[in-house]
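These notes concern the structure reproduced below.
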Amino acid sequence: MTHTAAETPRGPKPQRMTAGRIGLYAFLLVSAVFFLLPFYVMLVTSLKTMPEIQHGSIFALPSKATIEPWIVAWSKACTGANCDGIRVGLLNSFEILVPSVILSIGLGAINGYALSFWRPKAGNIVLTTLLLGAFIPYQVFIYPLVRMLSFVSLYNTLPGIVIVHTIFGLPIMTLLFRNYYEAMPADLFRAGRVDGGGFWTIFFRLILPMSGPILVVALILQVTGIWNDFLFGLIFAGRQHLPMTVQLNNVVNTTMGTKAYNVNMAATILTALVPLVVYFVSGRWFVRGIAAGAVKG
Amino acid sequence: MDTSVAVRDLKISYGALDVIKDLQLEIARGEFLVLLGPSGCGKSTLLNAIAGLIDVADGEVWISGRNVTWEEPKDRGIGMVFQSYALYPQMSVEKNLSFSLRVARHDRADIERRVARAAEILQIEPLLKRKPAHLSGGQRQRVAIGRALVRDVDVFLFDEPLSNLDAKLRVDLRVEIKRLHQRLENTMIYVTHDQIEALTLADRIAVMKGGVIQQLDDPLTIYNRPKNRFVAEFIGSPSMNFFEGSILEKDGRRVFDADGMKVPLPCDLAPKVEPGRAVSLGVRPEHIRIGEMGTNSDEAALRGTIDIEEPMGPDTLVWIRTGERTLAARCPADARYPPGQTVPFVFDMRFASIFDAKSGERL
Amino acid sequence: MMRSVTKYALLGTAMGLLAAVPAAAQSSGSDGGKDKAEVIHWWTSGSEHAAVEQFEKAFDAQGGNWVDAAVAGGGGDAARTNGINRIVGGNPPDAMQFNTGKQFDELVQNGLLRNLDPLAQKYGWKKEINPVLLSAVTEDGHMYAVPVNIHSNIWLWYSNSALDKAGVKPPQSWDDFFKDADALKKAGIIPLAQAGDAWTQVLTFFNVLIGEGGKDLYMNVVKDRSADAIKSDAFMKVAQTFGKLRNYVDDGMQGRQWNQAIALVIDGKAGFNFMGDWAKGEITHDGKVPGKDVGCIPGLGHNAFWIGGDVFVFPKNAKDEKGQDLLAKVMLEPKVQVAFNKEKGSVPVLTDISTDDLDACATKGVNLLKKEDYVPSSDILISPDLTGSLTDLVSSFFTDKSMTPQAFVDNFADIMAK
Amino acid sequence: MKPRRLRNVAAQTALIPSWLIVIFAYIGTIAWTIRISFTSSGIFPHYDWVGLKQYDRLFDSHRWVVSVQNLAIFGVIFIVGCLVLGFLLAVFLDQKIRGEGILRTLFLYPYAMSFIVTGLVWQWILNPTLGIEQAMHAWGWSSFSFDWLARGDRAIYLVAFAGIWQSAGLVMAILLAGLRGIDEDLWKAARVDGIPAWRIYLSVVIPMLSGMFVTALVLLGIAVVKVYDLVVAMTGGGPGISTEVPAKFVIDYLFNRQNVALATAAASVMFVAVFVVVGPWLYSQYLRRRPGEAS
């Protein structure tokens, strides 16, 4: 070959930064900037004073950082005559979140379990209808649901919004658990049956304890999904239970003279905080879950 | 020796950990070399290094007289077969076989010729249009071998190719590979943890442990004269029977003594061990004979109780308890060995091995 | 054991659901003997907020308990959505804002709103309220809403400092306007500060329609939906003028809200803005004087006043009927009317209120009212559905320079013909 | 062991809540929505019958046509953009690069944000007088102009762009999981055979990941049909009606324009469109499969 005696190939191949490798890192870097940019803009804007925002570039760092906008967004920003900030929405969001998440995951797990291990008659009709429902724009359901819920006096109540979230969370939850349980060895279930377990015993003693990973996934999906909801919160929650997203929209669209972009950005970050924390704490599960649950379609 | 593959001063590290250190290996043209060892012994790492699939920390790899240390796998003149077959799942068998040729822009007639030849050799002609998903494990592995075959390479590398197959297929394909080697006369390097595969296929076996080749020899030597305790223990099923003890001088003869079990050493062994030395005695099961009293000086007469009898077909394994120990003996199938019976037995010391207790080296 | 745990868990959830219902219902009763009134409105800008506080203060001072339910956005779309849903859903607010007009007709027809005749009788409202407004809140002879202000949408606001900088005078006609606008452009000032919301563009359109075309054309086109009027040269001229405005807005229009647009004029960063008289609230809020720092023209070309405004309806089956009564009464008290309308920049609905301390612009408006130089608002004349279709057309015309005035007129005719 | 009939009773009982939801909240509401679309309802439903009048008006409505076109534009750009970007990111992250964990986190975090937040932020960045354009001017590049958000013919592309920002990470996560599931030996075999990496991705990996791609496609498709929040927060449908989408059409007519019948007609059209596309697929996927089949 072309190697001279002086440089007999020996040991590790000399590492050269190939053009491809450089391009790869360049692409990833540009992508990272693209993905990070909005958050960066939100953060720096929320730390600037209004004059600086009006005269400077949105990308510039704050010349004198202030946390005043955060305080305003949290506890002083106004929607109409209410100037309590978006902290009210935080509590409301949690009030909606907790029961909605529990109910939808619970029902989804039971559904998945029944559909995959027990396969009751017409079970697939439930599944297919639910899945079809997942594709249908919410707008198809909203009006009749408003009427139905008001018929049973649940419209604009906490249970009302919880029911709505449960209804619309059910398709994905059912699919998630069904796929997970389908992949579980049926022998385990058969062993449970041979040992005399009934429907619920097997579920609570056998299946549920083995559902840890998928429960985490379901939790992540539902917490972020329900927290980020805007439409249902606006229509079904009622004034006393308006979630944070709706509060955010109110704050952002409420203007006293000039638009307080710094306060708006602070409020936006505050609203996005819960799902972001969930995501950063459980990012690994997040990815794994998408692979586990949704993949088999 | 007409060297086909040579590995010199090879060192491979994962981070601070050296998995292979200062390894030397020469393989002759047309030789079938088996790398044998338990999992984690470095045999696959070594194979991957020869293939160029992992970076070496130091040393050289030569194939067919070329220093290929820095070369891409595809330029090394090797073909490789994997445990998981690594077939391209969306392609038919024919496409799988021809993919590399098409990428290398061989002309159509040449591709067809090579594919046809490989298919003929491996008897997979009827399968050419099928997708891998519709093949049995054995068929898949034939296709994987075929993929290496079409490339007309000097050296075949096999990375545990039969481990995913069931027992019967494994035997069939083993024979197939041996036949293939006889027909092609290529150099083949074969990694396995299965000693039967190693013993049946190899011209030479390299037994590895901890990244070091423990013994490199032809199969019979490996079996009969293991270089150290590890090799002795690893080869053979059931494993060699071992006794820990020391050497005594008795009546002018050197005797192996383990808790009162006294075994005289054969003449050729005796001079190698001085009295008082701590050693292990290794006796393979087929060198234990039950029901005999020892008729010549190379045989030690002992007694034990029969624990379990395992008829294997051609012969029977008998587990004998003597003192604290249980040992296995391979006996003719025509006799019965009722459990509980006390029997005499002898070691055929001509085939026994003695290892130093400390170093484990053969004496 | 596991089994019983679940049973209780499920039962608990179910009980929780059941229990929550009466609790939710109870929680919103009157507290501490005060008459509670939950009020949905969309007054969320600075001046609007100051105005609505006048109601709140007066109501609370008379033993009420104002529960604010402001919903921002979309020129009231979001708030109306919310309120109508709640009324439809059987959990109505005690009071809810609408624009004067047909927005709540169907609520009346379905018997969901309280008939306010007894209160009107008791306080003599029918004699005091401006007749145009009174007829707008009356159906089959019954009063169903309380009008609280008169707003004219057809004002042109201009920045004196900006015009000075460009070296031009306030316009008397549309020709003047475009000359001024060109000069402003040259001086590097935004000629027309326009907001991005579709309703503000519709507002600009009506400014052109009434200012350029005149009251009669407006009535013929909007009220009578006369095809001849729409196909007339006069309406074509309106379309052309409106189309020409497209050349004088800046890129920042999209996403800008009405109060940001007027703020540009207040700061002298832009020359003109078409906006209702509530813009005055923003002007005074900034310490400027309407008519002095920021000039006002009620209908450029043909001066006129547009009678629109806001009303409050009082749904049936609300939680606190006494609160509703009190709130309706407070809203129409002369003192409260003056205080409220002053902040809001509008004109009181009561005819015999003194107009002495009104600003220059309001005075212009009142004079026009007295001369009966007015038109009813488009909300009074056409349904929300039709308004919606017009809005779509007007805003797409205004934001798409490739659409010709002819196409606009044709589409306009199509919509009105349905 | 209980007889099969009894076992089914337990399972069926467990499914009762879901049956109720399916019957009332899904089938019932859809039926109601379709029924109302044949009436002349305003704010409130009337149960008269006006035939296809609302549908006539719907398809005659310029805004509806624009909305449907926008949905198509948005859908194609959003889905293709997410798939391409997501795939590239996944492939590049799979090259044993440094800082993979951090990058992966970065690429996926927008998916945790709501469309409302996404829309607000991008509206702010892309706004010609506030965002990038103004920043460029401030840095001295005064001829720089990026006014797509203010242009009726371009704004919808920016909406799709913001959507890609939000969802590309999801595709990346799904495909990365798929790539990690690919047998390491396959890559080795390809290297030994001398097949270039891009060729393996194209001819082998993409077909192998087809299931993952379908999953991503389904999830993105759901997002497309439902797109509403993003448009509301980012453009409000403007400039003019140039970024209107069907979901917003429905909501606007349902609540603001007080024409429930037209709104439900639009919703019904959306339903039928989705049903025609998704129905057969779901049927083949879930209904045709016999219950006895191995799990």
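Every chain is named by a letter (A, B, C and D) in the order it is written, and numbering of its residues begins at 1.
Convention: contacts are C-beta pairs under 8 Å (C-beta built on N, C-alpha and C of every residue); 3 or more make two chains touch, one makes a residue touch a chain.
Predicted model, so just to flag it, every value in this text is computed and none were measured.
J.: Going by the stated contact rule, which chains contact subunit A and subunit C alike?
T.: Of all the chains present, those in contact with both subunit A and subunit C are D.
J.: Which chain is most remote from subunit C in terms of Cα centres?
T.: B
J.: Roughly how many whole angstrom separate the Cα centroids of subunit B and subunit D?
T.: Between these chains, centre-to-centre, one finds 57 Å.
J.: Whole-Å distance, subunit C centre to subunit D centre, using C-alpha means?
T.: 36
J.: Counting only Cα atoms for the centres, state how far subunit B is from subunit C in Å.
T.: 90
J.: With centres defined as the mean C-alpha position, give me the subunit A-subunit D separation in Å.
T.: Distance between chain centres, rounded to whole Å: 15 Å.
J.: Among all residues of subunit D, which ones touch two or more of the remaining chains?
T.: Expected reply: 130, 251.
J.: Give the residues of subunit A touching no fewer than two other chains, as numbers and ranges.
T.: Answer for subunit A, listing residues that touch two or more other chains: 147, 198, 200, 249.
J.: Which word fits how the chains touch one another: line, ring, star, complete or other?
T.: Basically it's none of the tidy shapes, so other.
J.: Of all possible chain pairs, which ones touch?
T.: Per the contact definition above, the touching pairs are A-B, A-C, A-D, B-D, C-D.
J.: Would you pull the subunit A residues touching subunit C in the complex into a rising list?
T.: 78-82, 99, 102-103, 146-147, 149-151, 153-159, 162-163, 198, 200-201, 204-205, 234-235, 238-240, 249-251, 253-259
J.: Using the touch definition up top, name the residues of subunit D that touch subunit B in the complex.
T.: Where subunit D meets subunit B, its residues are 183, 185-186, 188-189, 191-196, 199, 203-204, 207-208.
J.: Contact residues on subunit C for subunit D in the complex?
T.: Against subunit D, subunit C makes touches at 74, 77, 80-81, 84-85, 88, 103, 106-107, 110, 196-198, 201, 250-255, 383-385, 387-389, 392-393, 395-400, 411, 418.
J.: Under the touch definition given earlier, write down the residues of subunit B that touch subunit A in their complex.
T.: Counting only subunit B, the residues touching subunit A are 11, 55-60, 66-71.
J.: In their complex, what parts of subunit C are in touch with subunit A?
T.: 2-3, 5-6, 13, 16-17, 20-21, 24-25, 27-28, 38, 40-46, 49, 52-53, 56, 66, 68-73, 78, 81-82, 85-86, 88-91, 93, 257, 259-260, 263, 282, 285-286
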